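You will see chain A twice below: alongside chain B first, and alongside chain C after that.
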Partner chain A sequence: MKKPLQNMPESALRLVTVFAVFIVGTIVVVKFVIPPRFKDTKIQWADTVKTEVAKPVRYAGAVACTECHDEIVAEKKRGYHRDLSCETCHGPAMAHTEDPDNIKPSAPRDRKFCPVCHTFNPSRPRGFPMINPVAHNPMQACFTCHNPHDPKPPTVPRECSACHGEIARTLSVSHHVQLKCTTCHDVPSRHRVSPRVVKPTKPSSRDFCGKCHGQESPYKGSPKIDLATHGEKYVCWQCHYPHLPEAE
Partner chain B sequence: MNPAMLEKLREILPHITGYIYPNEIEVHWGLLIVVYPYITGIVAGAFILASLVKVFNVKEVQPLYRLALLTALAFLLVAPLSLVSHLGHPFRAYEIFLTPQTSSAMAMFGFVYAWYLMVVLLVEIWFDYRKDMIVWGQEEKGVMKHVHRVLSLFSKDTSEEALRFDNRALKVITIIGIPSAFLLHGYVGFIFGSIKANPWWSSVLMPIVFLFSAIVSGIALVILLYMFIYPMMGGKIDMKCVDKGMSFLFYAVIVDFSLEFVDFIHRIYQSEEEIKILGELVMNKIFFSLVIVQVLMGMLFPLGILSAIKIFRRFRESEELRKMLYFVSLILIQGGIFATRWNVVIGGQMFSKSFRGLTTYKMEFGGIEGLLYTLALLALPLVILAVFLKVLPPWKEFAKAPRETEA
Partner chain C sequence: MMDRRSFLKKLLSALALSGGALGGFLRGVPAWGQAKEEPAGKLWGFGVSVDKCIGCARCVVACKTENNVPKEPFFYRTWVERYMIPRTGEAVVTNIHTGLAPEEEIPSRPIFRSFFVPKLCNQCAHPPCVQVCPVGATFSTDDGVVLVNDKTCIGCRYCIQACPYGARYLHPATDTADKCTFCYHRLDRELLPACVEVCPTQARVIGDLNSPASPMTRFKRMNKIFVLKPNLNTEPKVLYANIDGEVR
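Right, the complex of A and B next:
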């Protein structure tokens, strides 16, 4: 061990010493000086769990409500709000489960709460019921017309655009604006009541579009194609968007 | 929402076009994150310039060697400052070393940085200055004597053999240093290039494009500093050195330009779903910083100047004219590379992930993310460099007291 050290140039020896001191120093500091909770993620996790567990429990959970309010829970299970927990609207209810007579959970009886989900916002999924809170029955509390445990529109929407606003807006700038929705879609009457269970149809054959766009079509003023050669194995709407066919 | 944020939102909203998601209105990585790749780029580039002397034996640029190393060190010391300023909580910064997260590219920065600083730059500078520091430590008086003695780690051996070892060590470190410099800046490019959700960033070419733009900015800055500092200290600019340096810069700019052009063509030919919004981004939001500053003023114009110098004899014969033209192209190239960083960082956050809309970036003046702080951050390496130049003079002709001037 002595020999290599003696053979080492003085400069390298000094540098190695500095590095060794630095590395050993770092190891000593990390191992012995810095307290374990600064560097051990397991301890940090355990601490976090402790902090979280120490917080007061405020929510009772969805199951607790069924014990007393089974009728309402059963009603809610059938409706569109089935995936919402009771406490989403009624707020934390742990205190209520402990003292049901004196502590009552809140219920949103104004117009502020429901629009959190139901204000019009184009990024919401298609068909999601959305309103403009300023124009939609001003001053009336939501629950006067809608039962939040089984929310159905009090009247069935007359126009398709009531739910399919985005499509209606797209269609309004396209060449297909003159066509009625029912020209291409067969809409069972049940669709208005249970829109997600009973769905309208889409054209299933190429001949359907060919009625206007085929070469033999008597209809003038639409682009014509040869159905026999054009995009043979696909249904038209697999390539063309019928609500805005001029889009690329 | 607090009134200040509301006010900010009111200012930005009219500049938003198309449809964007609500969390895309604000550009979260601002000016400080632009500065970070810019500064690390200079570090890597300056080191590559230094390696030209040691590994590739380009004797002409010897006067730039030490300046390049000191510049790299000065900028490397400031590089993490922009990140820490952006993240906040500087007292927690050391935790990336204590709880290493190997699956996070960003979390590995600390190790890449430490490797480059400790194993490459500091050691190389130490070996290069060791003999000089010993000599200074013996000749000088007062504080500087002790400073140099401590910096030389109280080393005393100036024998032939020791100096030969220093030289060998320098060569080895530089050879390790080149891939390390590539790692440092390639890593910065990788951080952006690996974000697959962002089509403006997500490209395998990104680390390589970053590398070459780093080499461009590093070489350009060192030559610029040389042309500034050397005459200020009373020397005469060595035009052979500057010519050679500029010649390397010229080729680096060409490679950098070609790479970016290939990337551009590739994107256009691929024409993936994002091409429309990216086209809109380039033609509207970052037209000035990309097309005008980065491509025209930062690349094509300097390339034109440098080609003219190579082609026409009149430029080659007049040193003064050449100096002026070099100076102009160096400033333009620096601006161009800063714009490159800007276009990558800010540009990548301007378009919506819906590919249907664009937001806008409004630079602040005061505050930690503001222009003033950024300028201070960009000036800080120069201040550090001034201190380095005082403590470790890079040019031997000025190192000794004026009574012994050799010139």
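Right, the complex of A and C next:
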């Protein structure tokens, strides 16, 4: 019996040899010559985590300021701006904490700055203090009246519209325009100082609106409905927004 | 004599028995054959309270500064959308860039409901971007953050296309994909991500989802939690509270 290799034609044998050398060569190159860093994603990922972690920090974080500006930190903690970070207003200050004498963060003294947060905007959440910067004490920088680190309004705001601008605007174009907020809400004076803690009352029954809209109501100038049948299953404000009551 | 059927039966049951016995034996030797149970490491999660966002875009500004994101619009690691929902018809969604433009503040059309929605990379547990990357340049870390290896990224933009949240962009300086990393370099130094640091209303929180003592635990306990596009089964780790059904 002849060996199978000797059965092969010479040309085929050569081809097989070439291929064998090529394949072995490739395996050797891939396995031993190319460093693992180039082919193993696990190693590459570990490297990426390392470079990511080594990236420089620009915002030092509110805790870092405590060390040298403890008075301002303590002052701010008591006021309305307690949740603001120092760097929200003063910008990134990592460089300053490392070299406080030569690198100073800027202080936003311009009137354009505070309105970034405080301009009236109907998309902002309910009760957020907003002003119209064009009308609100123009010509003077905000910090001359409001301490930026403890921004109490110099006087307690008289108008509900200071914080409820959206509702005040809505009410002013509604049929209820001549009603005061306090007709329908009992507002403890502390609400203007701690609005989230002390809350005003809201009407709670159909009879409240019935005072002016019931058929027996002595109130003049208000359209009357039959309390017993009109939308009987629901309270009135499930159908009529009280700050913009529309009959149609 | 054994026929073929009963032989196969016996063989199978013998295999099943010996397999069970081997399995039981392996269970008795925990260190061998099974990985030892490690204490669960960190798993970063992010909470967004939509009802607290005032749309000041300080987060966008801080993110761009901290992470070298180009200042021009259209490059964002995090951004803020303004939703304006008319009484009838489609919601109008605008990106407020690095702050509200004055002319944008009061819309021409009457709006029914309006609010801001902060967006960022959702750090999905099943990230489509990782699946499509042809060179394994993007991956999930053990603590649940999706990173990009900018040394092997070839800038093919598959991941940018694949991301259902539009959270990735091609960095014009490096021509590689870039995205939010939860400020991985800051987390490593026990600092808050830049956007969380500067948020004035705690609309953004971050924490370890595996730890019982973490802001995320309270966030999940006290709120009804939503994620964006849940039907895609990406399992985002950015959780939203008090979000409107209109948000896409």
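Please note the rule applied: the second predicted complex is superposed on the first by the 168 of 248 C-alpha atoms of A that agree within 3 Å, B and C clash if a C-alpha of one lies under 4 Å from a C-alpha of the other, contacts with A are read in each partner's own complex, and residues count from 1 in each chain.
Assume a contact is a pair of C-beta atoms (placed from the backbone, for glycine too) under 8 Å apart; a residue touches a chain by one contact, two chains touch by 3 or more.
On a predicted model such as this, the values are computed, not experimentally measured, just so you know.
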Can A:V29 be said to touch chain B (first), chain C (second), both, or neither?
neither
Examine A:A20 and indicate which partner it touches, taking first as chain B and second as chain C; both and neither are also allowed.
neither
Does chain B (first) or chain C (second) touch A:R58, or do both, or does neither?
second
Partner chain in contact with A:V193 - chain B first, chain C second, else both or neither:
neither
Can A:V116 be said to touch chain B (first), chain C (second), both, or neither?
second
Where does A:P9 make contact in the superposed view: on chain B (first), on chain C (second), on both, or on neither?
first
In the overlay, answer first, second, both or neither for which of chain B and chain C A:C68 touches.
neither
Partner with the higher number of touched chain A residues, chain C or chain B
C
Could you say whether A:K39 touches chain B, chain C, both of them, or neither, answering first, second, both or neither?
first
Can you pull the chain A residues that chain B and chain C both touch?
41, 122-123
Would you mind writing out the residues of chain A in touch with chain B in their complex?
9-12, 14-15, 17-19, 22, 30, 34, 38-39, 41, 122-123
Can you list the chain C residues touching chain A in their complex?
51-58, 62, 65-67, 82-84, 99-100, 102, 105-107, 111, 114-116, 136-137, 139, 141, 147-152, 181, 184-186, 188-189, 191-192, 194, 197-202
Interface with chain A, chain B side, in the complex: residues 19, 21, 95, 98-99, 118, 123, 126-127, 130, 153-157, 161-162, 165-166, 169
Please output the residues of chain A touching chain C within their complex, sorted ascending.
41, 44-45, 47-49, 52-62, 81, 83-85, 87-88, 91-92, 116-117, 119-125, 128
